Amino acid sequence: MPVATMAGWAADVIAELSVVAGGVVVLLYALAARRGRQAGAAWIALATTAVALALTVPALIEPGRLTFAGTYARDHAAAIARVIVLLATAVTIVLSVPWFRRDPRHGEYYTLLLYSALGAMLLAGATSLSELVVAMLLSSATGFVLAAYHRRSSASAEAAIKYYLVGALANGAMLMGVALLYGLAGGTTLDRLPGLPPTAGPVAAVAVALVMAGLMFKVGGVPVHVWVPDVAQGAPVPVAGFLLAVPKVGAFVFLARFVLALPAQELGWAAMVAVGAAATMTLGNLACLWQDDVRRLLGWSAVSQTGYGLMAVAALGRSDLAMVALLYFLVAYVPGNLAAFGVVTTLRGRTALADYPGLADQHRAEAAALALSFLSFIGVPPLSGFVAKLLLFAVAIQAGFAWLAVFAAVNTVISIFYYVRVLAPVYFAAATARMRTLGAAAASVTVASAAALVITGVLAQPLVAAFAAAAPGR
Amino acid sequence: MLTAAIFVPILAALAIALLPRHRGLGASPRGLTVVATAVAAVPLVLLAVAWLRFDGAPGFQQVEAVPWIPTLGIAYRVGLDGLSLPLAAMTGLVFTVAVAYPVDLRGRPVAYFALMLFLEGVSVGLFLALDLFLFFVFWDVSLVAMYFLIGAWGHGDAQRSALKFFLYTFAGSLPLLLAILGVYLAAEPHTFDMAEIIRQQPLAGGGIYAALVFAGFFIGFAIKTPIAPFHTWLPPAHVDAPGPASAILAGVLLKMGTYGFVRILMSVLPDLWAQLAPALAVLAVISIVYGALVALAQTNLKRLIAYTSVNHMGYVILGLAVAGAAAPGQEAARALALTGATVEMVAHGLITGGLFLVSGSVLARGGTYDLETYGGLLGRARSLTWLTALLAFASLGLPGLAGFVAEVQIFVGALAVYPALAIVALLGIVVTAGLFLRMLGRVFLGALPDRWREFPDLGRREAGLLGVLAGLVLLIGVVPGWLLGTIDAFAGPFVGRP
Amino acid sequence: MTVLAPSFAALLLAATLSRLGGRPRLLGPVAVAGMAGVALVGLAVALTGPGIEIAWGPAFGLTLGAQGFGRVMLVLVPAIATPVVAYAAGSGEDGLARLLSFMAAFVAAMLLLVTAGDFISLLIGWELVGATSWALIGHGWRDRSNVDAATQAFLTTRLGDLGLYAAAGAVFAATGSFAFDGVGVAASPWREIVAAGVLLAAAAKSAQVPFSPWLFAAMSGPTPVSALLHSATLVSAGAYLLIRLAPSLAAVPWFLPAITAVGLATALSGGAVAALHPHGKRVLAASTSAQYGLMFLAVGAGSTAAAGAQLVTHAVFKALLFLTAGIAIHATGTPEIRRWRLGRSLPAPAAAAAIGALALAGVPPLGAAWSKEAVVSAAVAAGPALGALALAASLLTAAYAGRFLVLAYGPGDLARGLRRPEPAELAALGALAAATIALAVLWLPPARAVVEAATGGTLEGGSVWETAAALAALAAGWAVVLVLDRRGWLGSGAAPGSRRVLVEDWLGLPHLATRLVVRPVSGLSLALARADDRVVDAGVRAAARVGRAVSVIAARQVDLSIDRVVMSTAGAALAAARGSWRADDAVVDGSVEGAGRLVGVAGHQSRRLQTGLTHHYYVIGALGVAAIAAVLAVAR
Amino acid sequence: MTTETVIVVGAALFGIGVYGALSQQSFVMLMMGIELMINGALLVLVAMWSRAAGGSPDGQMLAVVFMTVMAVEMSLGFALITSAYRVKRADITEKLRKLKG
Amino acid sequence: MSDLPVSLAFAAFSAVAVVAGIRVFRTDSMVRAAFYLLASFAAVGAIMVLLGAEFLGMVLILMMAGEMLVMAIVMVMYMMNPAGLNPMVMVHQHRTAIAAGAVAFLALAGVGLAGGVPQRPVTNPGAATGDLGRELLGNSMLVFQTAGVTLLGTMVGAIAIAAPRGRFGDADADSQEPALQPDEEPEA
């Protein structure tokens, strides 16, 4: 292998490499720094995300191509996903500092966070089954640990174990699927999938179903969504916000690449994804209805949001806007999720619904962030959630899944009920006690996330235009 | 200029929302009322100027357009014609009056005025929007603002009513969204531009797709209007909302539905509308008679007025059904019906808006809406009585007042196209007369119960504001030419009147 | 001078009067002078006869003009109103300023009505007359029965107004304009609608059968209001309309016969009521109804001129009679006619009443006799049977006129402590009595041409034997009255429940209206209101029942083993409805909320899927993967 | 020893693993089930590499990745079990049921 | 290698792999179960060798041997009845699990036997190990690197949550959520 090629490949993943390096630096710092200075690791991590963001810029501009012998894509979709992931990671870092202040293993936490983000980034760019498996593993392995990070908290431990057990099963299933697909395609890169032998039908169906199990686990879709509410409730709050959003970004992009690579004639993947979308959004919504725990509610609502996002996946290849819809959905969903968990973080983990009355009186900004986040989830204009839903409905109709759009509409109406169930006391009831917060830093990134919902909603054009140019595999 | 009419109140709302709550202007309800009223009047003034510049030519005028999401064919497009101009101006007026109208602020003046102004900008924007996307944005946002107004300043079971309102009308907005998307996807190239879509008529071929789009629009607008049997969100929302919010809900928000029927559904799918016009007319007549009869049985002042809205919106739909019907040779009658329906939208906004403000004042003084507990208030509250009576007579369609101008045109038009239905619908005006006279008799006439010996009359501010509405109702009733001329500039070409 | 001038003048007067509430002394003079002024303006307009077109909207305008019989009405209405207003000012009612002001407004509306040249203008005047009459009848608003009576009157006449709406629409549909001119040329189905609408409106307004009872309700107003409403204004509008439009609609075959039938029925039934009723003002009210029945009869017989003449003479003497009745009520404090007998106590009003009653009975040479004869002539010309019936009606007229005179102002005991009439009241009586007498000019030969010119119709030449027959009927009627009075039966009351009570109560029409209209409507309205609150409740319940059936099956599975929970909760959303069955009592608020509740229960059920047990999750996952594979393999 | 027969053996191991994962209460036993599933997958993979993919070298790489997955999952599993045991004294799945609904 | 001995060997190893696999869940002792699992893995490793992947097969056997030792230790540490001295069955939803396993087996075996898998035998049997090396540092460089980061992350993570002692003493102290009020002690 010529050295020049290797160097060129390295340059292609310079942003990812910077995150690897940043993680190592954070680790070394954490090992060296005194206990009082552990929070400094956060600043290094933050700087790492900034550097990686800067290094991602070229990939947003240059035309996309495959690298590492076809195992990795350096294209717009991956770059956009990387930007979303890095920004979300940065927000999570800022939220984590006050949250973990008393934790003695404060430092290496950021290494794990960075590597988890890296997993999502690699997943977004993966174009081979090997890279899929290993990126999934990186994302999951760090995710399990992050969920368990409150080592004195039984809820955290329980959430992590369940996350792990479900993930291990899904992964195991996926490996069998990957093995079969490899055999059918004669290689691991995705570009071999369209050439599956025509006799492969049943084998391919089983194989794809097994791979789907793994991908659905990552995006939090039915039937392996069960970890989502548990992690939302049990994991450390900033981590919950992170885990419900960031891995999903990578997994959705990979899912898009994957289904687009499948031979559409032999496999009814679009219908399968559509059914999965319907089931996911409905189940998530129904389970949300009577939640009295705000974090758990957010978890279930994340499930239902995944269902909406899957609508775009189902429409891939049948609608020219499907990829735009998918990416825009991620842009709308991630900050909404972060803002909501940011509010919970800022309010010191306050999670019982009964603790929320009168929030608007005491903390206008936090209440507004929560309201914006929820309204965006509902899809109220001019928030980005609305544009996302508009696009999702449009692509579903265009792809011939009008029933799915109607289904989603009905679900949206149902969802109003539980979002309003939280918002109504926040705005209409009087506070019973003074609510303390974690401080201005957490509040400000929360508000910034919420503001992003407004900004990306009103000024959607640059995003939509960029996404329209970003179709993976082209 | 139209943009200013939309965004001055919205920006002012944001500015007010950011005011500190316990210092300065934020702590002074009186000062805020003055400021907010002044801001609320801005769209009214701007639209009055726009009206002066309006030249009566067909098509959209004074269009202001900026690309918004060109990739998706979305632009910020506003403009007006003979249909939207009166409605937008009426919106400005009703809001100005409602903002200035005294109400129990529950110690949250900042939020109240911010929401009211925000809602004003949004509502004006909806009537001026020439882009389906923009239209829907305003449509949905208005629901949210109204939800908070009812929930936070309502009374009774306000939160439940607000939720029901929000859920129900949002449920209506989603079929609307799907239908808009259906139109968008059918247009080639894909666009949300109303003028372009109306020109293209992308769904002219009919078929199941067009039928589904029609159904989506219809459900969305029918819920908002509301047409019976989609009206059940209306009474609780009205009863529990604060007076000015009710006035806006009835005066402005309901018009969004009827306006949508004309602006979008009838314009985009005229053939289908013509096919279904008889059925729609039947539905309208049911709304008319049903709304009137149910209102007749009410003992709650506000519920009574709320049901008359169902009745009046039935007139509007009847007019629209007639206007869109396939009746060769009756273009003049159809134009008359469309003009009448539009006047009814404006008139209902002023009249019912005024009546809801009145009911707010009655509640503030008597603490209940129960008709039977009142009586003989004429002796104590003269201006309240006279203003209410005037508005009530306007609502029951007395000539010389705005309601008559609207209803007579609707009936005349309907009679030319659907004589039998029109005659059934006419029964509605007798029932309406009965229920309003009964209401006036119960509340203001008869013996004065002892508990109301000290019932205070309207304050000068209330009387003045209601006077403005009543004066306009009278003006339209006596000299409607200026309004009818403007509307006819739209209605004539719309029905293809030679 | 524009044709609207009289209306404006009256409106101005109304506005002025409403501002004079603080200065009661000025009210009377201003009102009388103002109304007289209005009459003069009306006269001027009637003579010059200008027409005017007001562009109301782009599609149509309002056509107004002093044409045909309208010119007579322009003068007649304010002319009658002037003494009535004087009387009202003198009688010192509560809220006099409001009363006078509304009377002036009422006159303004009436003047607008009679100048209307198209259906929209007519409708405007028509409805405004109705609305102002509501305010006048309900003048004593502190008593709720007055208010209810006013409402009844308004609603009844508004029911008739629907006819005008229909007529307006039909004319427009046929001709593209609302002008009266188009009535004659309208094409077939529309012309019939116009005819029916006009007849309905006219009958309701003129208190013809079956709408007559509202006139009794209208008696709740103060006397001057009754005098005004029942003489030249409110009630006359219907007859006026027919006089104006019947000729154009004569081509509709059933139109004139229908008018005749209505008029005849009212004349006879109203006469019967008037002849029996114990309440003074109501006797007059019923007689009004009957007299207008005669006018309808004339119109139906094709003689609008006779009807017009009758309208004018009736307006004058009926106003007079109402005022005398008002003085009697005021003096005695009771509306019961048999307890009046004020001939000795109040000679001046008695004289006036005598003049009025003679006119009502149709005693020559009073003008009223001339007009009544013209009506009878018209009826005879239309057919002998009709003529006979018309004669019968005039016999009834004579009878109740006599009864009224004898009971009200017959020679009785000299009563003391009576409230004496005010000078203004007496002056009003005098003026009206004088006018009644003055109308004797109609007997002069040129009168015939004048009347024909004024009404635009023709008069039948009366024959001698008709006059003789009419006089005989008159004499017979009076004889009966005198005989009955001698025997003391004239003033006797009716036994409760007797047939006579039924007759007195308008042959049971109000009862019928209550049973056939009011009760069904209010019952329906209550039922609908109740249904509206729990609409489609049944639907919700049915859905719940289906859901329960499904859930029973599902539940059996659930009980088998904990593993199966997971399996069977695939149908959890359906099992849901079980809960909603329990919540059934609470489900009363419509299908929407019912559906909401179903969803809510589904929410509870779907949460049961999340058992917290990992091995259940594993099963869900395994089932899910199998399902995915199946969909993948099957779907394309 | 054809591709099909190896796949059948792999399927058997996978099936046994599924059974174990679904039936075992103890975390460790449950993990053994998952290991067996991966074991089956690995066998199928190598069979594919050898007989169906023409010995393409990325197949071997994939096998290495599979083994990495096994190792990583096992070690993390043990770490998480350790952690859970410390705070909850939990060694079987039934002891973890606080988070539900 | 001729076909027959290979086939016989394959049959034997397959039998071992499957039977040992079943025995994993059919034994009284967890430690024994661990060793059955090891046996199953070893048999699979042997089949892999038969299939030509000598290096991978050996790695698998070695790796699993180490892993099973750890597993045994963990059992001893945490599990009740660690040494399996008493017979025990710790299963739930047994029938469902059997059904699921059987379905998985039948589905996979069924589609495997259905014949959709292409026949592309390995072309250069001897070069497998060398290929792997080149692949590792060549085309699959990124995968290899990622795996490396994953292992690093796993080590850090496993230590972070499992090690009770850290640089600053008790590493678990205060490792929980903040309390709702700053002056309160958080609840565990």
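Per-chain numbering from 1; labels A, B, C, D and E assigned in written order.
Methods note: contacts are C-beta pairs under 8 Å (C-beta built on N, C-alpha and C of every residue); 3 or more make two chains touch, one makes a residue touch a chain.
This one's a predicted model, so the numbers in the text were calculated from it and none came from an experiment.
**Q** Please give the intersection of the contact partners of chain A with those of chain D.
**A** C, E
**Q** Common contacts of chain D and chain E?
**A** Touching chain D as well as chain E, we find A, C.
**Q** Please identify the chain with the largest separation between its CA centroid and the CA centroid of chain C.
**A** With centres defined by C-alpha atoms, farthest from chain C sits E.
**Q** Looking at A-B and A-E, which pair shares more C-beta contacts?
**A** A-E
**Q** Approximately how many whole Å separate the CA-defined centres of chain B and chain D?
**A** 64
**Q** Could you grab the centroid distance between chain A and chain C? Build each centroid from C-alpha atoms only and quote it in angstrom.
**A** 73
**Q** Find the geometric centre of each of chain B and chain C from their Cα atoms only, then give the gap between the two centres in Å, rounded to an integer.
**A** 32
**Q** What's the distance between the Cα centroids of chain C and chain D, rounded to whole Å?
**A** One centre to the other, that is 91 Å.
**Q** Enumerate the residues of chain E that touch no fewer than two other chains.
**A** 92-93, 96, 100, 103-104, 107-108, 112, 115, 117-118, 120, 134, 139-140, 143, 147, 150, 154, 157-158, 161, 172, 188 - these are the residues of chain E that touch more than one other chain.
**Q** Please output the residue numbers of chain C that touch at least 2 other chains, ranges allowed.
**A** As it turns out, chain C has residues touching two or more other chains at 596, 607, 610, 614-615, 618-619, 622, 626, 629.
**Q** Note the residues in chain D that touch 2 or more other chains, in rising order.
**A** Those would be 3, 10, 14, 17-18, 21-23, 25, 31, 42, 44, 47-49, 52-54, 58, 61, 65, 68, 72, 76, 79-81, 83, 86-87, 93-94, 96, 98-99, 101.
**Q** Chain adjacency by touch: line, ring, star, complete or other shape?
**A** Here the contact pattern is something else, fitting no line, ring, star or complete shape.
**Q** Every touching chain pair, please?
**A** Pairs flagged as touching, ordered by label: A-B, A-C, A-D, A-E, B-C, C-D, C-E, D-E.
**Q** Under the definition above, what is the set of chain B residues touching chain C in their complex?
**A** 164, 167-168, 229, 232-233, 235, 290, 293-298, 330, 332-333, 335-336, 339, 375-376, 378-379, 393, 397-400, 404-405, 408-409, 411-416, 419, 422-423, 426-427, 429-431, 433-434, 437-438, 441, 445-448, 480-481, 484-485, 488, 492
**Q** For chain D, which residues count as touching chain E in their complex?
**A** 1, 3-26, 28-29, 31-33, 35-36, 39, 42-44, 46-55, 57-58, 60-61, 63-65, 67-68, 70-72, 74-76, 78-83, 85-87, 91-94
**Q** Mind listing the chain A positions that touch chain D in their complex?
**A** 128-130, 133-134, 137, 141, 144-145, 148, 151-155, 157-162, 164-165, 168-169, 171-173, 175-176, 178-180, 182-189, 229-230, 233-234, 287, 291, 296
**Q** Chain A touches which residues of chain D in the complex?
**A** The touching residues are 3, 10, 14, 17, 21, 27, 30-31, 34, 37-38, 40-42, 44-45, 47-49, 52-54, 56, 58-59, 61-62, 65-66, 68-69, 72-73, 76-77, 79-81, 83-84, 86-88, 90, 93, 96, 98-99, 101.
**Q** Could you please specify the touching residues of chain E with respect to chain C in the complex?
**A** On the chain E side, the touching residues are 92-93, 95-96, 100, 103-104, 107.
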